[in-house]
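Letters A, B, C, D, E and F name the chains as they come in the text, with residue numbers starting at 1 for each one.
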Amino acid sequence: MPKSVAAFGEVMMRLETPGFRLLSQTDTLQVSYSGSGVNVLSALSRFGHLALPVTTLPDNPVGDAAEANLRKLGLLPHYIRRDGMYLGMYILEAGFGARPGRVTYTNRQQSSFNLAAEGAYPFDEAARAADVVHFCGIALAMNDTVRRNALRFAEAVRAAGGTVAFDCNYRPGLWGPDGYAQARPWYEKMLQLAQIVFMNENDAIHVLGLPLPGGDRLEQLQALMPVVAGRYGTAVLAGTHRGIESDGRHSLLGYLYRAGEFHFSDRLTFPVYDRIGAGDAYASGILHGELSDFPADRTVRFAAAASMLAHTIAGDTPFSSEAQIFRAMNEGAGDIER
Amino acid sequence: MPKSVAAFGEVMMRLETPGFRLLSQTDTLQVSYSGSGVNVLSALSRFGHLALPVTTLPDNPVGDAAEANLRKLGLLPHYIRRDGMYLGMYILEAGFGARPGRVTYTNRQQSSFNLAAEGAYPFDEAARAADVVHFCGIALAMNDTVRRNALRFAEAVRAAGGTVAFDCNYRPGLWGPDGYAQARPWYEKMLQLAQIVFMNENDAIHVLGLPLPGGDRLEQLQALMPVVAGRYGTAVLAGTHRGIESDGRHSLLGYLYRAGEFHFSDRLTFPVYDRIGAGDAYASGILHGELSDFPADRTVRFAAAASMLAHTIAGDTPFSSEAQIFRAMNEGAGDIER
Amino acid sequence: MPKSVAAFGEVMMRLETPGFRLLSQTDTLQVSYSGSGVNVLSALSRFGHLALPVTTLPDNPVGDAAEANLRKLGLLPHYIRRDGMYLGMYILEAGFGARPGRVTYTNRQQSSFNLAAEGAYPFDEAARAADVVHFCGIALAMNDTVRRNALRFAEAVRAAGGTVAFDCNYRPGLWGPDGYAQARPWYEKMLQLAQIVFMNENDAIHVLGLPLPGGDRLEQLQALMPVVAGRYGTAVLAGTHRGIESDGRHSLLGYLYRAGEFHFSDRLTFPVYDRIGAGDAYASGILHGELSDFPADRTVRFAAAASMLAHTIAGDTPFSSEAQIFRAMNEGAGDIER
Amino acid sequence: MPKSVAAFGEVMMRLETPGFRLLSQTDTLQVSYSGSGVNVLSALSRFGHLALPVTTLPDNPVGDAAEANLRKLGLLPHYIRRDGMYLGMYILEAGFGARPGRVTYTNRQQSSFNLAAEGAYPFDEAARAADVVHFCGIALAMNDTVRRNALRFAEAVRAAGGTVAFDCNYRPGLWGPDGYAQARPWYEKMLQLAQIVFMNENDAIHVLGLPLPGGDRLEQLQALMPVVAGRYGTAVLAGTHRGIESDGRHSLLGYLYRAGEFHFSDRLTFPVYDRIGAGDAYASGILHGELSDFPADRTVRFAAAASMLAHTIAGDTPFSSEAQIFRAMNEGAGDIER
Amino acid sequence: MPKSVAAFGEVMMRLETPGFRLLSQTDTLQVSYSGSGVNVLSALSRFGHLALPVTTLPDNPVGDAAEANLRKLGLLPHYIRRDGMYLGMYILEAGFGARPGRVTYTNRQQSSFNLAAEGAYPFDEAARAADVVHFCGIALAMNDTVRRNALRFAEAVRAAGGTVAFDCNYRPGLWGPDGYAQARPWYEKMLQLAQIVFMNENDAIHVLGLPLPGGDRLEQLQALMPVVAGRYGTAVLAGTHRGIESDGRHSLLGYLYRAGEFHFSDRLTFPVYDRIGAGDAYASGILHGELSDFPADRTVRFAAAASMLAHTIAGDTPFSSEAQIFRAMNEGAGDIER
Amino acid sequence: MPKSVAAFGEVMMRLETPGFRLLSQTDTLQVSYSGSGVNVLSALSRFGHLALPVTTLPDNPVGDAAEANLRKLGLLPHYIRRDGMYLGMYILEAGFGARPGRVTYTNRQQSSFNLAAEGAYPFDEAARAADVVHFCGIALAMNDTVRRNALRFAEAVRAAGGTVAFDCNYRPGLWGPDGYAQARPWYEKMLQLAQIVFMNENDAIHVLGLPLPGGDRLEQLQALMPVVAGRYGTAVLAGTHRGIESDGRHSLLGYLYRAGEFHFSDRLTFPVYDRIGAGDAYASGILHGELSDFPADRTVRFAAAASMLAHTIAGDTPFSSEAQIFRAMNEGAGDIER
């Protein structure tokens, strides 16, 4: 049965150079509209759920274009506010081989979303309308008003009996030099409210300041996630370990920790067309598994396959149906379908 | 010495999304015009033969554009009829990695080709004009009129002393649930007329209903092709085994069965740019070898290299010259030529 | 106060050649999705009304793309059925100066919309959901099932107390040689149900067979519309007279006949960027005026300005807001806004 | 009844900047292949005649692309030689309003056509194959070998009983400062062979050195053409007077002088999309009228309409059918056809 | 003899929708880099002068691309500072006919230029390097620091014996509701420093608060400019009156007031390809005339022709050479040059 | 401390087919401007040095566009002469997998650079302005005048106390059948002047005619370079060994021979986006190391990383900063930077 999922976060305009060109080498840019919440919701809408972004877009032609494109992605505009003048933007120069991709942001701090006042959103109404609400650590990096809005909304969700999902998504570039210390109290508040949390051992060590356990990454993960779950009362923890092969392919190992047990996907290895948004696809897969009462094992494999497929799609936003993901879980790369 | 080759079949408009995008993600489509016969003839025209499509195009601007593009590919318009209103079309969303490509057809049944009446074509004249005529199993999947036209033409070719080449090319999606049973009688009639047949063990088992022999695919092929050749009096049987590597490259093993002997190419492994039409390139290579009296061994290696190169070219249609294929047979991937 | 407007009709894929090129001159096509109902609804959605297409789209990637694009245009998918395999398509080669534009259709008859069975739609529910439902004469040209569905839906709208709007939109090319006689009975049935009708003197003379009055076009219009209103009990009649100036600009005179009185817009003269869909923009303006209780004079001037602006926008679909249309009513062409 | 028309001349690659941009403002160029003979032949092929370019293209991928594109335009490759290494190229920056367009040539002197030796072409065979052969003054501007080849071919045409058509097309930029004097003897030789000549009073005065008569342009034309026809025994003289209106539209008045009488088209006034090749379209119209035994009046009106339509088509090459030109002769600018 | 010209002002990234599309209708944008000073300097660089922007660009890939594009336009980077993180951006949706174009800005206030501290620039050194320095009223609209920097630089120019040119360029949208009163003191300070000022009667009335004289626009201009020159000691005043014709063409009348006398260009009427930056082209023409000691009459006609040509070029930035402008002064619209 | 580097050589227009298409398959081409010297200088300009091309561009719009693009790449126009009419051009069809790329040249011999007279350049002034001057063997392949100009410039550099760098870059296609013998005397003269030489064992054996030593390529290199250094008094010899892996990746081993010792980079293996210009990137890395007094080991590793990164950038011209190259030396392929 379809559920209602809301997401609180900023929508951005992505301006991408074509054909692996640098910005200096092009006079055209490819435009799309995305954001962590947009990506998660778009995926969930393709799985059949109602998708409700809770955000603010500017009240001008840029906001019109953004809203039209969100509707095209399957999102419903009920909780999209239109106010202010600016949309966050970023320029993406895709990398190739040994040359890493580059993201250059315009000034997000004055965006309609980041200037929306406390109390501007009908959080209680939105909380009642949604079974799950997704929050992202990127929003916490913006400013105190956004942070307080996020916490206020999460509290409303809990009060209304809904589920709070939180993707840690710590971005060092957004928090600055003393970032971990600044971020910690806000993350801790969010974790106290969240029942489903996306993170891995790095977040536990750096953002939450847990002591570094011994062993390799996987052992660290297995040591730390139970501690996090215990401390914050988290029902579900999930995340991935990414690797980059010498031939340029990426690999992904998904984990899900629930009820004291770890569940892992296979380590998937695959070529990458567009890496951005693949973490959101993973989150959407976990949320869909939880909303659909998949067994934990199936959920983690579904999420990993959803993330793998998101790497094969242009743009930030996942476009795969549940059926396509099931097939990717069960089959290798296929020949053309006709 | 150049020969005349005709091909009976439908021409289609291919509408491809750019840059691995889904149809939902693009507002431009790349147009080309192709078809099994077009592909085979275009390749043979580049090898120096006269190329005569026997087909019907609509009598409108779409037909004008299709005919102009066939001429550009090196095909001669003498037996292109202009009648009716529609051209078959398909939309191609190229796959990437774990995401398979998708082909969505428009309604081909009302195309000018599929509605051309029995008796509409000057088959006897075309048969006299051609040394070899190529037929494709896709045409057999259309409707009874097309099937009867195909058989009528093949009979005319034999009566005129020409060679009938038939590519089984069984497409499950075009025949429907009970397809093999429906297809079998038509395939059997065609096989009785054809001297050169493109197929492999799957066609023999499923379409012709031969009993499944033991062993792996290669052993099955080696068991079944002599049976087919014996039953239908086929002079030449040829085809390929395709594999997909874990790193996304495809591999191809070509075979040629003639005068009771099998000849195999090396198994070629290569990256893929556009996979559609690669089977037609293989067929064109076999036909060129036969028309040019290559030794069987050289023919099968030529055909496999022609098919490999067709994977490196945008669009359905092969563009390689005989010299380029010889070089690809004899050398590995090369540095830029300047 | 926003109203709910539904529209019954086919959605088509428009494939346009870029830069005034002929189809033979291009290998890219520009894709959009439109239709008479889509155009009217998209305009009304920009004026603040709920926009409910009642149609059938294929259940495949082409249908997915069409539905996503309708959502992007502001349409709500509640009464979009997903069934069948084909979407009507047309290729547009824009004209320039003395060279007229050309539209080449693919086969619409097998489209999902045109094959939707009687009884396939929840017409009673849709009728209850809508204040006004828009029908278009193009749908009447398709086949008996579509015609019966249209009438059945119009009856349901009347039964539910809603308003039936009907745009005559007689297309000679779709009805064939004996078209007027074939069309007349269906048009008459529709006119008996419709309260708002878009037509002009040509429709009255040719489709309805009214006797040709004397005088010029305008006098004929003024003679015939009262006859039509009287015969069919039509509350509102509206339409336009288009002219083409020697310098290529078009001119438009809008009329509205209501309660025994004619109201005319100024004759507007303007350059044309994309002419398709401008009649739908006029209809949307009349409907908005009626839904918003504009005085008749303001309604006809609003509709004419809406239509003029639709000529300045790429694609079939109007994109102007109410404010932009008011400004175009009151000001001439302006300098850039910044 | 279709005729065979040959044309002797250079094929060039046209590289055009998109969207009225300067070369400094773009990093893409639009490619097409044209030439005076190509344009005339392409038009005549659309009128149903066989079109035989007599030219030399380089024996490399550029020559392959040029030949494929000529085939696409409807030209037959029988007398296309493949030799040498270079194709003439030019860069076109389209003008807008007060800013004139600019053509920048690459070095044509080393092109395959301009380096083709005397005796390289099978002129006698080509002369026997063609009812009419078209020559252009641009070829005379190249070098002595090309000039001698042109005269040698024209003599062969006369010997074989065919018709020589010659378009004066004097280009000051190609002949240099002392051009008229250098050009005159070659033009005179060509005029002695030609039965159909395209020119106007400027050519008579400057190239042939006839004394300047009194009166305006039209009176000068009417004074001089009978002198030219008398001196060189020309059966048909034809040409145009072009004007540019203050609003940017061009106007065209076509004339035809035959059997001592002048025939004029209406002065047509029209917007311009691409002006290059419009003179060739006029020539093609005259040739078609002559080949089809149109009355002189109809021929000159057909040619003027053909030229007007050529201004509405992207690229150098006309694309209009006989029916489209007849309609443009008889109707004004029309609405979209659907 | 070439001179050195500097300009103080912001560089912006212009993102333009292609083909008259709205932002909602496109997924590509055309990028260029411009600004009032960039436009003036680029034009002057084409006239042979050294062009020195005095500005700040972000120290990131966007700044790299902007600087590279300024160099491409002929500007020298000596006084381009690289600091901060953001470049001002605007999205341009070009208008068509009755639909006005729209400019939507991103947040300029945090741009590298608008955050550059007082004292950040080496104004004294730049003042010594330049014969003339151009300032624009847009910079005055930004913030107090920019305003103070502008005045500080203008003072340095006067101290170094250079010429201060000031383009009033009052933009209501940038100053807000009480704009004239806020702007006036800054404009007055700038006018006291400037020797060459670009303005017309509107600026005098609204920005400077001079009493409205009687008469039409031209009479108002002739009444007010002597007052301005007298009050502020301005050596040269120049500007334009723009009109928009019913057929969409624009018209331009340039004036120059010097030594107590008015000089006017002809009123030029012309079609418009891209209107932005045409005022800067006018200013560049006046400056070039002054730097080159043209007679006043020639200067004003040169400036008007430069502005007319700038309307025919894509983008904000003029690209015409002195020779091209002279030709446009002396001839009408011409045929293609080849 | 930044140095001044000049380069003597031809600038060419590169016309590339998009998307791995053949020239026959496309009607758009991607334009850029490059050349061996341009590539080396552009890289060095990004490392902070002054970059001075010494070349001749045509005095027309093509030359304008070339010069503007060189400025965009960071080159200074002081020693760019503008003369003549033609720019060398080449068409690039990028290869894919087993299909090699193809370069088709237009006629370079008549280019402005190749026709520039002896004495046309201010070589003495340029020599005094530059710390290092780069020459390329491609220029030696053109004609005697270019060769003599190159030697004359190299002598001037030595006379002025500067460093001559020479990249052997022997292109068989440019020298013809008896090329090695023709080239040898010119190469020997250049080597006597050059202090830094780019070559490997193939140049020594074929161009210089040194006897073939035993061993594999690396052993041959180690045997021959000391001989070359001894014979010509070369201070620095450098170059690469390239390999192509079965999976299509390229590998590169860089060497530097200085003061009797060999220094090698790691063998780097990487995917290739655009291979052209990668040798120039290597040269730029060596020159930067020498100009910056890097230890030899660091220089060769820096050059190899610079070359590897140049393979990941569209176009001939390197775009990496010193910091990006250092990072690529020290890290593997990275995830996206944001």
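Criterion: a residue touches a chain if its C-beta (ideal position, glycine included) is under 8 Å from a C-beta of that chain, and two chains touch if they have at least 3 such contacts.
Bear in mind that the values here come from a model prediction, so they are computed numbers and not experimental data.
**Student:** Going by the touch criterion at the top, tell me which pair is linked by more C-beta contacts: D-E or A-C.
**Tutor:** Higher C-beta contact count between the two pairs: D-E.
**Student:** I want to confirm something about chain C and chain D. Since they are copies of the same sequence, is their interface symmetric in residue numbering (over half shared, so same) or not (under half, so different)?
**Tutor:** different
**Student:** How many degrees of rotation map chain A onto its copy chain F on CA atoms, rounded to the nearest 5?
**Tutor:** Chain A sits rotated relative to chain F by 120 degrees.
**Student:** Taking each chain's centre as the mean of its CA atoms, how far is chain B from chain C in angstrom?
**Tutor:** A distance of 45 Å separates the two centres.
**Student:** Where the centres are mean C-alpha positions, what is the separation of chain C from chain F, in Å?
**Tutor:** 63
**Student:** Touching two or more other chains, which residues of chain F qualify?
**Tutor:** In chain F, residues 22, 24, 26-27, 68-69, 72, 102, 105, 247 touch at least two other chains, as defined above.
**Student:** Across the complex, what residues on chain E touch chain A?
**Tutor:** 15, 22-24, 26-32, 60-62, 64-65, 68-69, 85-87, 89, 91, 93, 102, 104-107, 109-110
**Student:** Can you list the residues on chain F that touch chain A in the complex?
**Tutor:** Spelled out, the residues of chain F in touch with chain A are 18, 72, 247, 249, 269-273, 305, 308-309, 311-315, 319-320, 324, 328, 332-338.
**Student:** Help me check something: in the complex, which residues belonging to chain A touch chain C?
**Tutor:** Against chain C, the touching part of chain A is residues 68-69, 71-74.
**Student:** Touching chain D in the complex: which residues of chain C?
**Tutor:** 19-22, 24-25, 90, 95-103, 105, 171, 173, 242, 244, 246-248, 275-276
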